[in-house]
Each structure stands twice: as C-alpha cells, then as structure tokens.
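Labels for the chains are A, B and C, by order of writing; each one numbers its residues from 1.
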Amino acid sequence: MFRECFDRVRNQAPLIHNITNAVTINDVANMVLACGASPIMADEAAEVEEITSICSGLNINIGKLSRHMIPAMLLAGKKACELGHAVLLDPVGVGASRLRLETADFLMEEIHFSAIRGNISEIKTLIHGSGHSRGVDAAAADALAGKDVEAMAAVLKNFARETGCIIAATGNVDLVCDSRTCYVIHNGRPEMEKVTGTGCQLSGLMTAFLAANPGHHLEAAAASVAAMGLAGEIGWSHMQPGDGSAAYRGRIIDAICNMDGTLLEQGARFEIC
Amino acid sequence: MFRECFDRVRNQAPLIHNITNAVTINDVANMVLACGASPIMADEAAEVEEITSICSGLNINIGKLSRHMIPAMLLAGKKACELGHAVLLDPVGVGASRLRLETADFLMEEIHFSAIRGNISEIKTLIHGSGHSRGVDAAAADALAGKDVEAMAAVLKNFARETGCIIAATGNVDLVCDSRTCYVIHNGRPEMEKVTGTGCQLSGLMTAFLAANPGHHLEAAAASVAAMGLAGEIGWSHMQPGDGSAAYRGRIIDAICNMDGTLLEQGARFEIC
Amino acid sequence: MFRECFDRVRNQAPLIHNITNAVTINDVANMVLACGASPIMADEAAEVEEITSICSGLNINIGKLSRHMIPAMLLAGKKACELGHAVLLDPVGVGASRLRLETADFLMEEIHFSAIRGNISEIKTLIHGSGHSRGVDAAAADALAGKDVEAMAAVLKNFARETGCIIAATGNVDLVCDSRTCYVIHNGRPEMEKVTGTGCQLSGLMTAFLAANPGHHLEAAAASVAAMGLAGEIGWSHMQPGDGSAAYRGRIIDAICNMDGTLLEQGARFEIC
C-alpha cells in the first residue's frame, strides 16, 4: 500500500504550493523535488489564489511567522479547499507564542485541512491550548514509551474526529491517524533532531503524497512519515568519518531522491492500532 | 573567448547586488562567491540605491515575489542603469501569476536590462504574454529538438531586437542571443532540474560575468551558461553511491569553485547560429 | 577554560532566539544545533518579546535588513536585557548603507549588548562611522599584520570600554576583548571567506556560548571564535577531490557538530594581550 502511494507521487509529479518560512524553505523545495513532485513557493496575498489553483496540494507552515503572511495563508487555503486540493497545516512552534497559537486556531476554523502535521509537543498544544513545547522542538517530557503510545493514539483519534483532519504527530515514535485508525511508525533516528527543518521537509513531502493519493489520504500520510524516517536511517548508513549534522541534512534528502515505492514498502516498520 | 570572460571575473572580483527570493538566496550568494565575485543581498527600498552604487552588477529575481520588493527593484534598477552597471532580470515563474507577469512587464518598461535569463517556458511567456509554464519549471512541451532550435533562435533574436537585451533561455538546450547572434549551448545534465535554484544561481553567475566583461556582454552571458552546464557535468562525475539531489546541489557549486577559464574553454560545447 | 565554556553549551542546551537575515538563516539554525544549543528564529514584532522570554540568548543580525524588522529587534532586545539574557549584535554590512549604520547606532543606544561581533571592517565602521567596508566582506586593507594587532587591540579595548560590550572583530586574525583583556586568536583558514555566512554562523554560536556561560562572557566569546576557526581547520582537513566551497560549508558545521570542549581546548591557538 505504501508502495503505491509513493509510486503515484513519482508518476503524477504533483505541483505543490508551499507557504513556508525562510528558515527551511530551500530544504522544503528540494525535498518536494526529491520525492518526484514539483514545488512552488509563494506567500504574497496578491498571487496565492492563482498560484494554488494551478497546483494540487497546499502546505501551510507557520514557522517564523510574519503577520503579513496570514492573509495569504487564508486566501490560499480557502481557494485550495474550494478546488478540493490536499491542504496541510504545520503548526511550527505553536506553543512558543500566542500569535502562533491564535493563527493556528484561526486557520483551523477557516480552512478544512486534509492533515495537520507537527511534533508531538505542537500537536498537544493544539489539543490542550498549551503543552511542553520548548521553542520549535518537541519536549523530552513528551517522548512516548510503552502504554503511552496507545493512550496518545486514543487522544489523537479523538482530535482527528473533532477536526475531521488526519493528525500526524512525530517524535521518538510517529503516530498518524484519522478518527478510527492509527499508524504507529518506528522508522527514523534520533540524530534527525540535530538537523533543522526535517519536520518542515516532512510536511512538504506529506503534502505531495496527499495530493497524489486523493482516495487514500491516511495511508498516504503514513507512507510519507515512514519514507522520511526510512530516509533518516538510509542517510545515516551513508555517513562518512568527519560527517555531522550538515552532511546528514543532505543525505536525508538524497535518500528520498533515491527511494522508490518498493524500497519504502520493504523498509517501513509500523503497526496499526 | 570564454576563457577570458571567466578569468576577468576571477581577476576583478566584481561586487554583485542581488534582489532575490528567500528560496534560493543562500545558493545564489554561494554561487557568486564560487565564481570569484562577491555578493551582497539587499531588498529594502531605503538602502538599495546606495547598495547598488558600490556594486558593478545587479541581479533582479522575481521568484516568491512580494509586492513590497517591487519598489526596491525599481529603485535599484534605475540607479544601476544610470551608473552603467550590468543589470539582469530573472522572470522566475512569470507564467504562474498575473502579478509576476505584470511585474516583469513593468520592470522591462522602466529598466533597461543588459540581459534577461529564464527557462524556455518563462521566456516564451514574456514574448507571448503566456506559455506552457508549469509553476517555476520549464514545461516538457517546451523542450527543443532539431529544427525547433533554429526557429526558436530566430524568435529569441527578434525578442532581443525589440527589447535591446541579451536573451538567455535555458532548457534541454540553452540559447543565448542578441539581435544577430545566437549561442546554442549543449552543456548540462537533465538531473540539474531536480535541484531547486540552479536557474537562480545561473542568474547570479551571469550577472558576475556581465559585470566583469562590459565590452563583451553576449560572450560573457554565453560563457556563464556554458560554465553552469559544465559544472553540472563535472559535479555529476563526482557523485558517490548514496548521493542524490542534495549532494548534487553542492557539487555543482563546488565545480564552479574549482573551475577556471581554461577548463571552461575546453569543456564548453556550443555552436553559433 | 575554553573546554568548560563549550561543555556548558552541550550540557545546558540553551534556547537561542535569532533575528537574522534570510541569506544565512538556515545555516545559523544548523550551527546553533550543531554546538548543542537549540535555535528559534522569529522576527515578527507581535511575538518576539514572548519568544525571547523563553530563551536565554538573543542574536540580532542586520544583514539584508528590512525596515519592518527594526521594531522587532528593539522589542526583543529590550526584553532580553530586562531578563538578563545574553544579547549579541552582528552589524553585517554596516558600512554598505546609511540605513544599516543608523540602525546599528540606534540599537546600540537602546539595547545593552553583551557582545558585538563583526568582521574587522564592520567593527571599524562602528568605531569611526566609516571604514574600508566593501559590501559585506572585510576589506583587504583591513587585514592585520605584526604590530597592527597590538594597536588594533588597544582601539578595540577602548571601544569595549565606551560601549560596555565585549568586542569581537574577525579577520585574518581574530580579536576578542573587553576593556582590559584581548584574546588574539589564530585559528581559521582563509578559504572560510568563500563560504557565505560563516560570520553569521559564528554570531549564532557565540550567542549560545554567552548564554551558557553567564559568569564568563569574555572567555566564552573567545572560545566560540576559536571553535569556529578550529572547525574551519578540521573541516578543511576532510576535503575530498572535487570538493569546493559548498562542501566546505557543510564540513565546517559538521566539525562543530563533532567537536567537544576537550578538542577545542587542544586546538585553540591564541595569546592574550
């Protein structure tokens, strides 16, 4: 199933509109290209409706948020919904300021997102209105172990039911669920946290997977999470003496570039609950 | 001839002012440094005239366009023209929105560009007011083969005559022409399309070549296009197992860093029509 | 002493707020992560006070300055001072425009910076109101040799006395001083100039060192400068055939990622005057 999800991205090469932050914008564009899709970055309110109309997916990321980008997010999001496109929200650092939390809440009221993808601390902040969020990184206190996973899956399914969105919460274990089914994904490496923007890149990747798999959003979202984790494992296996986080950053994108559906299917490690 | 063009860049180390988008701004700066020139990035209207005055070339790129950058583009462009600097327009994604097309048209009316460099779809959009443009990438339908090349060269020469600019249209074959002469350049690799920003980087590189070769703009523009394509070939030859588009991105810049005029002269593959 | 300074960064993992430019923002975030700290990038006036409150250091960088960022710099800087955080100014390209010089002067009046870090030309511009600054790079005329070093150290100590800040001026030799003591640091390689943003990265690194070493700001600042120079040396030693400035950019960050206090202590080369 994950194989078909990835193959459709490579075969259809969907055009993905990204409204994202300057910190990781280049990596997001390169990740979207690496998986076989095509990125366009645009955050000017005067053109985003037109831009998103020629695309099939929209990725909205609130990292390094500027107030002037919010109208562009709203216009693009409404237009993309109207056209039935896949629309994703990445609530970067939502626990770090009221502006980000209010913006995420506002966008969730106004736009029907296909999926919301954040680290576990960010997702908990969206659910509870607060969390252990420490800046833009997941808090250690939010790491999941053993029975925590089942409990968290139940919480996320409930949030998916309330919002009507697929919820993807990444961390030491990655959970991707709709209201009924939760993929618990074990791919990835802890060293990925030392590279800025792996979350932003995953959101671009997930939007491409969603756009290419309109009838299978949950599987597509889970497939993209497994692909990113697997890329982290493959990239790590290519590390050379002297390599560090900068080399790793490139090797993760390279692993997606060289991955196909078959490799993903073989390497994905997950259970469903 | 290409040798001298590149050697002058390394010998003169021209300072290049770039008004460019956040997606590829870091790569553009690193590419300008790699060829031996020196970049400065500035897009605040309050300082761009002063900034461009200490430079000898100006590179204007409309990717991820923001309305607030247009006045800065206009002020910098007019000042650079007044001072006789090389001024380049890169109409990124000009077919993707009216804002970008109107902005490109407006800048072309107000500023006399030394050169316009875009992919073949973008250049066709400028000529016809529309094209096959698919987001920011050249459309497959615009790929050139056999006799198409001659016909397109004639179209571009005509556009060069109308605008008084050198026109550089890149794609599977690269055409660089003024009103009378067209360089048809065969360097490069198709995998370069999988790296975001190779076009933006080439525009920075071309501006440096134009700035260092005031009496030989056509040759300088063609030389920079051949250098970029050759860098794509050399970079590809250094790819290792596990490498992908992220590694390739770095290897292209590295190849320019290690290139000199002699290597360019030997490696350039082109005819003139 | 340098060992302890670095170890404290790795042990405390301080959260660092960066208001910085789009050119090098990704590299700054990755460098801050590489040294063991955690970055957050935010430049929206509506959230910077809140953001900086959860951090322990603030890095303000005026490269590619936009007017709308100045209020954010002011608000964040005042709040960070009020909370006793480490606050750093990086006056990128301060000699390139009146806007940048006036902004640096304004910020220095309004905010008490723990440290000011720039290249030697930028620091001279701050002192004299003008300099040999050529865009964003240090001018060749400002290179230091022999007795120049002592004379410059005296000038910088005086500037440190006047401003109450630690002054770090980087170039062919790096000087880091307060009003009484100057570290003259010999680590580094000239090829680092071919990579855009090594100065911006160092400012992020230095802010992390300052934040983790509140009782030892001068040593911490000097330690970060030595660490960056040593990373340039180590990174260079890992260069492979075909590598150039893009590979070097990654290898410098990788060297910080793999460095610890002991390695820094062994590799630092400096005298005190």
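Here, a contact is a pair of C-beta atoms (placed from the backbone, for glycine too) under 8 Å apart; a residue touches a chain by one contact, two chains touch by 3 or more.
Bear in mind that the values here come from a model prediction, so they are computed numbers and not experimental data.
The touch graph of these protein chains is complete, with an edge between every pair of chains. Shared numbers divided by all numbers used gives the overlap of an interface; between chain B and chain C this overlap falls below half, so the copies present different residues.
Centre-to-centre spacing of chain B and chain C amounts to 33 Å, using the average Cα coordinate of each chain. Counting partners per residue, chain C has 22, 26, 249-250 as the residues that reach two or more other chains.
Those residues of chain B that touch chain C in the shared complex are 15, 22, 25-26, 29-30, 33-34, 38-44, 46-47, 50-51, 54-55, 234, 237-238, 249-258.
Considering their complex, residues 21-24, 26-27, 63-67, 93, 96-100, 134-137, 194-197, 241-247, 249-250 of chain C touch chain B.
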